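Each in structure tokens, the structures are laid out below.
What follows is subunit A paired twice: with subunit B in the first complex and subunit C in the second.
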Partner chain A sequence: MPELGRAALLVTLGLSLYALVAGSAAAQLGRRRLARSAQNALVASFGATAVAAAVLLSALLRNDFSFEYVARTTSKALPTAYTISAFWGGQEGSLLLWLLVLTGFGAAAVTLNRSWARDLIVWVVPVFAAISTFFAFLVVAVASPFATQPAPLDGAGMTPSLQNPYMLVHPPLLYLGYVGLSVPFAFAIGALLSGRLDERWLVATRRWTLFAWAALGIGQLLGSHWAYVEVGWGGYYAWDPVENAALMPWLAATAFLHSVMIQEKRGMLKVWNVLLVIIAFSLSLFGTFLTRSGVVNSIHSFTQSSIGPWFLAFIALVVIVSLALVFWRVRQLRSPTKLESPVSREAAFLYNNLLLLALCLAILWGVVYPMLSEAVRGEAVVLGRSYYDFFLRAFGLPLLLLMGIGPLIAWRRASLRSLATTFRWPTLVAVLAGVVLLLLGAGSSIPGLVAYTFSTFVLATIVLEFARGTRARKALGATSWPGAFTSLVSRNRRRYGGYVVHAAIVLLAIGIAGSSAFDSVAEAKLTKGDSMRIGDYTLVYRSLSERSGPNATEIRATLDVRRGNRDLGTLKAGKNAYTIEQQVSNEVGIRSDRLTGEDLFVIAEQIDPDGSVYFRVFVKPLVNLIWLAGLVFLLGSVITLWPDRREQRRLVARASEVGIPATH
Partner chain B sequence: MIALSVAAVLAVFLLYTSIAGGGNPSLAPSELDGRSGTVQLAGVVVGPIAGDAHAGGLRFELRDIGGAKATAVPVRYSGSVPDLFKAGRHIVIDGELRQGTFVAQPGSMITKCPSKYAPKRRGDSA
Partner chain C sequence: MTLALLLAATLAVACVVAVALPFLREPEPESDALEDLDDEERRHLELLEARDRALSALKELEFDHRTGTISDEDYRAQVGGMRRDVAAALQALVPESGEGQPPDARN
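The block that comes next holds the complex of A and B.
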């Protein structure tokens, strides 16, 4: 079996190399049959990788510990679902998953677009092939998932905090996002190589970018929720390098999704868009590298990682070659239109882009700073939470405000009068909300108050947009209000889906501000019968129980919860002791208030032999809005991603209007 | 226009660095000797682990990751203890050296999640 896996990966490597060499030659010399053959090789490489993936999956399911990978990441007692998730639990398996998704996406994107953008596709194929050659080389020569050993009796098992349903979805979603960004990248580079710098590469990849971006966004929120309910330290985001690894490409992709609209409508920002795609893809490679190399701790651990140097070299190659190509084509990318006024939709989108990119680079700087300072000063200096929080406020709050302004402000040049009519009501509502919140005591955190005021402003603009649009549809002859609303959204999915996503980001901002700026914490050591208070909650520690689960001993403390005079029932918090892995994990107790979105969050930090427990309790207002934001974000993404024949026809028609330049 | 915006962004950076300064230096236990002020210490936990994290503090020692140097620094820590904490694990704590003992800031301990980072290679003790 391992031989089959190894052989399949060798085939993938061979096919990728062939697609790279033959594809480049075909594109350069204009050989159509050779180009077709290179495309077929790319599709076939997906098949070969799928065979390798099937071999690994079956080894995991059969508990075949003669595979080093299987023995290191699973054990016999591990439930089947987590045995499957072990596929991406280790380095070799996740690289194989990368390769699988990459070849799959490459094959699909090339096949779907080859009829209407042939001259572009011939150059896209070798770009995909180059990326998959690199990953195939890694899993063949550097980090093979098919290394064998004399089978031990049982495997080493999986870290308890990863034995969680979230780990079935969260990592694959992030990989779909990371790898998905390779599609716009390959098309952008293909466009640069071929010199076909019209908007077709944007049209061909818009949905791919949206999909990758949505997967990254939802994957991250799932990761945060996992951290919140499972890791059990009372937070959901710690600015850990591994978390930042996913946030950075998401921010760059967000900037790209916005600036694309400016290129489509006004023909501006062409160089900028290509650069954003390059940045987003490089950051997704960097993200994979961060999560998989251990380089963040210290550059000393760099040498311990087998794939680290290869990855860094590949990222450097990608960045250098891409930038050289942009430089080579920069004259053709020049835009004939200029920015007419700093107060216009174009300008608002430009500010949005600069802020997103600035936030992204600030985070990148924070992530690489320990390595840079160690290299320069011989001493790693770590930038803490306050660094990231500062920049989240400095760049995030203006971004929030722009989210209300950007979609509504006039194109080209906005006059003072048009600004007044557009923004009169939202501004009024926001100022009113700010004053009311100030009176209610929200002034304890100025950034929190500003975030709430801006959020109200954006929500008001969104509501206003939906209301205006629906009224217009009704006036145009829609029979009912719901009918008018549906036809409004379905006729303009991109725009109204976008508003829904904006609403999700507002909910996210309110949730983050509420749970971080206005939270409270209390801790106490309680013996049975003792009680503690936090805010208007009273908790009484009642009993301690112990029972044996399938692979862990579960200890739980039961608490009675009261709020004011109202009895809210009981809450359990405790620890699981995992037998094989010899680890303990916190199992927190959370009580969510459905009405206010507030959480009471109980950690049993330390359980003493005499039955007394050291509790740490948080009250987090509005934190559930963050998870609600995830659902709204998903809804908005689905609306924008939903296939739209009308739009597709329009875009294809426009592309054929642009025409395929008559060379070759 | 773009230049102006870029300048504004740079100004925010400068503002931050001038107000808040850089972060804390991150050191290995063997580099700690003679250092004053708050630093971040990264090392491998050496047992025995004694004491109570919520009463008087937990006591253990930290040695260099990689283990080339044998020096271990005694540590006193109080506050939340992450799930993964035990002898042999890599941890990071903030604090300062006081009379030969590294006194950690309460609640500053972070354990490095072993599976999200590269798997340990053979010969690495952790």
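The block that comes next holds the complex of A and C.
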């Protein structure tokens, strides 16, 4: 039924255009029914896009190779789960997913907020509609997932590295994050257009921003784990442009989530916050552009790409119009309050913002530099790992330290004597940890040692904050210590959920420092019975096996692993040869030590016909803390996202005082 | 093909009805004007936000002092100013509510 899919997308385009034109007219002329009609069009566009998505999904599941997209991304032998993931595996399908999530989020955000912020929502609808018009236009006219052809006997299959369970959740999570950032953007632009620059746009979008940010964060960690276990090069983050594409909006959104607190508490940084929302959304568009335009490979493939020029034009339009609106409203955005002291919580958050944005811009420069150099000099010059590592250390380490300092300083101003008292214990613990680590030999990497010391400092401040808060809640009448702890967290979920997220970032920092600054590597070509050593480990190559899987021939080398005199069992590493795709993938062997968080990581780089194998082996200390950080990050995100009834009651009471209907 | 076209037509008609619904429900309304906050109500909203901001800041300072996150010295330096902010925010709301009835509830 490609006709139904095409028709549904045409309907979506029509509805989006109508919502844009009618919504703008209704907002400008103050027409109630027209505004409601535009809102209904936005909601209906989600329904129409869902029909198109259902048609594509059905075609994928039926192996209907008369759809060009289905034939290009799947094959009959592809397991069902990966056939579903092919929905977002190609350009046209992923653009349709963008549109589906966008219209869904737009419909939900407008419906949930239209009662208590209806004068603002009227202006938000055309902004959502403008974005969905662009994406609907792309899938209708430029990159349709419903193009047809005479059906071949079988499809081309899927890239082997994408045939992994992580691909079922990693890309959709990134899309939820990318598209989720359109909600704060639409509300911010709506507020600028309408001049309703009170706090309602922030309140309406707070949880959406948190959700988008959490989805991007978890999506990236899952992507890193996928790269670690599937791509088979021995690492988890390569500063690849596509990886950076997701990191940049996440950094901008992180800066916004911190600076928005300054606006809420002190009424400051209104211009800055609007700018951060614009930057985060523009970067999410840029991220989609990077992954889908082909520009990553070459500037020439960009010009040949069907969507590249459209995307670039849309990003330019978004940036220019948004900045013009900020400039237009800048007098209304000026804050009556000023920064009172450079030693205060708002100042610490501001430093944090500047560092996050500086890191973001450094990464952006690293991403665009090859394209610029190719455009200007005809040769793409890629900035390597050392460029990114330098800025990660230069901006990341102070950020880590600020994560411990910021939450413990008073708002407005703090005395130096007071700081000395507040940070006495965390500093003592951190210095002690640094000295012990130095004595244990961690001085071989100074950045690694600094990262560990700062991490200890931050963890100490977090533990101290939870302990002090729980004690205070107990003193205020909580019946038990667990009750006091629960009351503490539930009464201020954003603050204490934020601390849990900080703890996750600390675990991440320790994991990254351990696995990159203190790792070791060994390489050897072994025949059966040969052994090699790395650190305390001894590996003996025992056998080579081959079997036929559902869609690939699987070759595995088996190694016996010993640590000192202790037998740790066997480890298998090898390759999969995919028949239809005509590609070979590395299938690595990993042995994790749950107690120390260390991994023994084996790659069978080359398997010769005589049975000898060229192995590359890594020992990665503490690498598992990175994945543990993902779980802690998820916990912290859920705590911060959990609905806060007290806050809702306060907002409802405030709204009813002004005469706005009290439903939220 | 025919079924697909039939389904597509049904979808299009359903969407047109959804879009036209506000006009079908109210063909001749008494007023078609958007209900918007007037300048006075907007000012009132800003004052309420300022009040809530001041109260929240004072509450956080009190709790941080109780936990020991904020030292006695910093607390003493700030609590007076914050209490004055709260008083000023509340005071700014008094003349408005004293002038007459609160704005009519909107539906």
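Assume the second predicted complex is superposed on the first by the 647 of 664 C-alpha atoms of A that agree within 3 Å, B and C clash if a C-alpha of one lies under 4 Å from a C-alpha of the other, contacts with A are read in each partner's own complex, and residues count from 1 in each chain.
Methods note: a contact is a pair of C-beta atoms (placed from the backbone, for glycine too) under 8 Å apart; a residue touches a chain by one contact, two chains touch by 3 or more.
Keep in mind that what you see is a predicted model, and the values were worked out from it rather than measured.
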**Message:** Given the alignment on subunit A, is it a clash or a fit between subunit B and subunit C?
**Reply:** fit
**Request:** With the two complexes superposed on chain A, say which partner A:116 touches: subunit B (first), subunit C (second), both, or neither.
**Result:** neither
**Request:** Name the contact category of A:7: first (subunit B only), second (subunit C only), both, or neither.
**Result:** second
**Prompt:** Touch check for A:291: first (subunit B), second (subunit C), both, or neither?
**Reply:** first
**Prompt:** In the superposed arrangement, which partner chain does A:411 touch: subunit B (first), subunit C (second), both, or neither?
**Reply:** second
**Message:** Just to confirm the geometry: in the superposition, how small does the C-alpha gap between subunit B and subunit C get, in angstrom?
**Reply:** 22
**Item:** On subunit A, positions contacted by subunit B and by subunit C
**Value:** none
**Message:** Can you tell me which positions in subunit B touch subunit A when the two form their complex?
**Reply:** 1-2, 5-6, 9, 12-13, 16, 20, 22-27, 31, 40, 42, 52-55, 65-66, 80-84, 86, 90, 112-121, 124
**Complete:** So, in the complex, the side of subunit C touching subunit A is made of residues 1, 3-5, 7-8, 11-12, 14-15, 18-23, 26, 29, 31-37, 41-42, 44-46, 48-50, 52-53, 56-57, 60-61, 63-64, 66-71, 73-75, 77-78, 81, 102-107
**Prompt:** Hey, which residues of subunit A end up touching subunit B in the complex?
**Reply:** 72-73, 89-91, 158-162, 231-233, 242, 291-294, 297-298, 300-301, 304-308, 339, 342, 347, 350-351, 354-355, 358, 362, 369-370, 373, 379-384, 386-387, 390-391, 394-395, 523, 525, 575, 583-586, 603, 605-606, 614, 616
**Message:** Quick check on the complex: what are the subunit A residues that touch subunit C?
**Reply:** 1-4, 7-8, 11, 14-15, 18, 26-27, 30-37, 40-41, 43-45, 47-48, 51, 118-119, 122, 196, 198-199, 264-267, 408, 410-415, 417-418, 421-422, 465, 468-469, 471-472, 475-476, 650, 654, 656-661
